[in-house]
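So, here's a batch of structures to check.
Both of the next two complexes hold chain A, though its partner changes from chain B to chain C.
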Partner chain A sequence: MTILTVAIKYLRGRLLASVLTTVSIALGVGLVIASILVSRGIKEGFVAGATDYNLVVGAKGSPTQLVLAVVFRMDIATPNIEYTVYEELKDDPRIDVAVPVMVGDAYQGFRYVATNSAYFAVFPWRRRMYSLSSGRFFRDDPVDSPAYEAVLGAEAAGGTGLRLGDRFYEGEEMADHPLTVVGILRPTHSADDRAIFISLSSFWGMNELAHGMVIKPLTAVLVRPKRLSDITGLHRERNVAAETQAVLPSGVLLTIFNMMAVAQEALNMILVIVGVIVLIYVFVAMYSATLERRREIATMRALGARRATVLAIVLVESGTLAVAGGIGGILAGHAAAYLAAAMLAARSGLVSQPFQFDAVQPAVLAIVILLGALAGLLPAVLAYRTEVAENLAPLS
Partner chain B sequence: MRRYPRTRAFRACLAACLCSALLPATLRAASDEVPRLTFAQLVDSIRADSELTQSIKSYSGKEIEIHGFIVPAGPPDLSFFMLSRVSALGNYCCEVPVGQDETVFVFAAKAVKLLYDPLRVYKVRGVFEAGMSSDPANGSSLFRVRQARVEEAVGAPIFKVGETPPAAAAKP
Partner chain C sequence: MSPRSAVVLSEVRKSFPAGDGGNLEVLNVEHLALSAASCTVLRGRSGSGKTTLLNLIAGIVLPSAGTIEVEDTDLFALSEARRDRFRAEHIGYVFQSFNLLAAFSALENVMLAMLFAEVIPQRLQRQRAGELLAQLGLAARLAHKPQHLSRGEQQRVAIARALANNPPIILADEPCASLDAATAREVMAAFLAVCRQDGKTLLLVSHEQAALGDADQIIDMAELNRAETGKATTATVRQ
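Right after this comes the complex of A and B.
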């Protein structure tokens, strides 16, 4: 029999204890893997979902709220600004593209986003392209005769079950102006997949307050300057104005990442404590198992087994537990990350990839095997030093 | 007479130990000898006809160091950003926003991992490019740093137009 065969036989001999030890290792490893994948996924989801526009101009208030509401639609919208802000920006010679955005209520949880056709236009600097899986984009209809047409994001179409030509509304106040689905977008892997896009005129027509306003309201204006070096000037001008603020979306996301880094550090400390607890548990399990079978070890030694063989058997036992727990933990961690990613996507539209395999998984497995062997080292030395004569003495 | 070889061996050993102790510091000092450019130099390099001086062009293709504020004008992984003499969030400051002459496009060698602070000065090292250039993603720029590495510049002074850093002043 090889050392591995003997070690596995020993593990099977105390199956319940072996399974519980493996599960405890798997839980610890799974927790580490899941936390790494989820935090990385959230960050990558924010990066992937970020806007191509360099500035977001909105009402005075929290920059984070403005970006989360307008770009990621995770927060309630900031107070309105006047449509004239958009007109000023559009006519500014330093600005290449300005896109008005109005974030509204929701239909079955999918937010209304009112904008114009520039939102979907193709520009050389755009990373995200909008294309239709069916239908057409809505037209830039005049304010006095809104068309009440809607273009659905891919997830919004799937989630609501709406199809081309369907008319829909939610709430009594919208019953007079049901929207007609004229297009469905292909997935963009961003918050836009969960949006229902309508024209500004349709939005103002549906909204009683906005309908009566002479100067129409907006939530924000997305801005792309002709020269990026003008960003600081535009940013300053809009921030010193009494009603508006300008925000660099990437700057806001980097601030969020900074806060996440602090939370991650606290989580890392918890994970280290969990790792130490698992390590102690493996050590106690292996130590008590070795104590229990000192008589067997003495018998093996009496039958000719060398001290090194006994040492190796115990080390292989703890190593086997570590390998099984490590692999199980990596699989469990990925499963947990997948569930978390699905939940995040459903609730916030953040799209992350939970099945990324890179250096993290092999590194975690190697560390687990090393720590597993370390936890088995003292019991292995105990087995190594087992005295034959002393332990083969009659029990009574 | 017998002692002599021992003394030589001891001295050789001592010299080797000293060399090995000082070598990393020497190498580090050698690697630190990267010319530092300032925004003042960049501004001064622009002539009336918008051409750049030969002295600033001579840095093109060479590794340089420049200090400034990060303006996150690109994606949030900071693979591309602008480095500016003035902070992007200096609403409460007396500094006038800068233009193209005091803005450097920075293309990072890899995704930058740092705690972003709009009011902190960062040190950027990379391959310098001078001269008007335009790309579809980021538009036109006068100065660029590619394959850049970024880190916080602790206690670094920012030189304004008209000021000259001691290192630049010492050069002929």
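Right after this comes the complex of A and C.
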């Protein structure tokens, strides 16, 4: 028999209280872990999903909405701009690459993104590379004879169950012109994984067939200038224009992060309050348990247990609760973060990686054990100071 | 040649703070010696200082004056931690209320005492606890929690626990007072037999006929305790 086995015996002796205390610690720790992982995941998701282009040109309106809709496919799309905006930008000598993007409806929850082959092209400045796990990219087909070819993001392929060569359509009016899957992308860990890419001609053709719409709109144009010094000029010009605005995606990200920081501060305050409540709960549980067994503590002392030994037993008890609650909380926090990440990805297209083991988990566990020991300290001192003779009086 | 004394008390006094700011002397013993391997029975009315005397010999309470030697060791010359260790190794204590730990089985209650003394190697503790309980007729009750044992069985577990570290001295405070007469006779007989067999020095507070009949020495607290007989020399007179 050891101090640890005595402590565990005592914990098992009041099983319900021990379980409830452990669960309360686990809930507190889980909240902290989930909050850390989710907020970090969102931030990293935004950074990883951010575009390599310096400017997003779209219709006048909210810059945040434009970037969220075009880059992250999170918000509803901004009003359309005319295709001529793209043509102007493409012919601008200051611009290296301009890519037209049209964000459309969805097929089984996966957004149509119409663009051209430049979207997938390899440029020296690009961080994100597009490669195919099977098939080929769609062709830049002429406007008057759309090919109705689709390239699926990795998750879109998994989610829809579509394979190479499969044909699909939405709405009876499209039955004669279904889209054919010609390629499936490897995962990019961005919103593109949940996209169904088609050519602009195919998109316009689909709209003409389905809605009788003959105009050729765009949601935005992604722009990469040849020189970074031209960004300011292009930005100003597009914002001065009546119909368009140019947005710096990095600036929007900064705005989003600033908004998140305010929310995080509020969340941190709530987490501190939760932590204090859990701490008080553990303290009260340990204190009342120690009060209840002062006779048993006195008996152990009469059997030869030193004051330090009974102090250690109570501390090991609270430490064991903290370890169990801490580990349970870390696991629960990861599970919650995983669910939150899946929900975010499904609802907003923001892809985050919640399972990252680094210094956070051991640090949280160490803090929990320390706080658990702290909560057990006063009850342990109560045990330490228990008067033997006083508490051994015969029971009436 | 006179037998070796296992316990010697000299001019031992014990006072407790009284409500009026003075001290209330509850024990005043000029001299008491317990021979090794003897059985001494203490008798006295309630409040005559019997339990205080046992607690002093166990080193659980400190004397106000005097010396207590147990196994040739001046108990109160030791630091508290060393006195605790000394108690664990040399003194077994049987309480009137058994004081078994509710969360522990009979076997574990006995093994618990071994944790504090560390005289029985860990690998042998379970075996020794089992043997002691079997010796007291509880071989079939090892895994039972105290609440699932009869009062007589609980007291046998408490006796086994007192014997766990094979201490030379056993103190027992009315061990059968809360048992019915038949069970008390049975438990007392088993207790005395084990103590005799192992040559323990036994100081027993009891009014049981079996104990009185088996005692080498019977001490009446009224005669031993000068505080009890009104010979107290402290300022406060005991009410």
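Just so it is clear, the second predicted complex is superposed on the first by the 384 of 396 C-alpha atoms of A that agree within 3 Å, B and C clash if a C-alpha of one lies under 4 Å from a C-alpha of the other, contacts with A are read in each partner's own complex, and residues count from 1 in each chain.
Rule of thumb we're sticking to: a contact is a pair of C-beta atoms (placed from the backbone, for glycine too) under 8 Å apart; a residue touches a chain by one contact, two chains touch by 3 or more.
Since this is a predicted model, take the numbers as computed values, not measurements.
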| item | value |
| --- | --- |
| Overlay on chain A: chain C relative to chain B, clash or fit | fit |
| Touched partner set for A:13, first chain B, second chain C, both or neither | second |
| Which of chain B and chain C A:47 touches, first, second, both or neither | first |
| Included angle at chain A between vectors to chain C and chain B, based on C-alpha centres and rounded to the nearest 10 degrees | 100 |
| First, second, both or neither for A:186, with chain B first and chain C second | neither |
| First, second, both or neither for A:253, with chain B first and chain C second | first |
| First, second, both or neither for A:163, with chain B first and chain C second | neither |
| Touching partner for A:229 - first (chain B), second (chain C), both, neither | first |
| Chain B versus chain C as contact partner of A:240, first or second or both or neither | first |
| Partner chain in contact with A:392 - chain B first, chain C second, else both or neither | second |
| Minimum C-alpha separation between chain B and chain C after superposing on chain A, in Å | 41 |
| Touching residues on chain B, where the partner in the complex is chain A | 71-78, 81-82, 84, 86, 88-91, 97-100, 103, 105, 115-118, 136-141 |
| Chain A-facing residues of chain C, complex | 52, 55, 58, 60-61, 80-81, 84-85, 87-89, 91, 93, 95-97, 99, 101-104, 108, 111-117, 122, 125, 161, 165, 173-174, 177-178 |
| Residue numbers on chain A that touch chain B, as the complex places them | 46-47, 50, 54, 124-125, 127, 226-233, 235-236, 239-240, 248-251, 253-255, 257-258, 261 |
| Complex interface listing, chain A residues touching chain C | 1-3, 6, 9-10, 12-14, 295-296, 299-309, 388-389, 392, 394-395 |
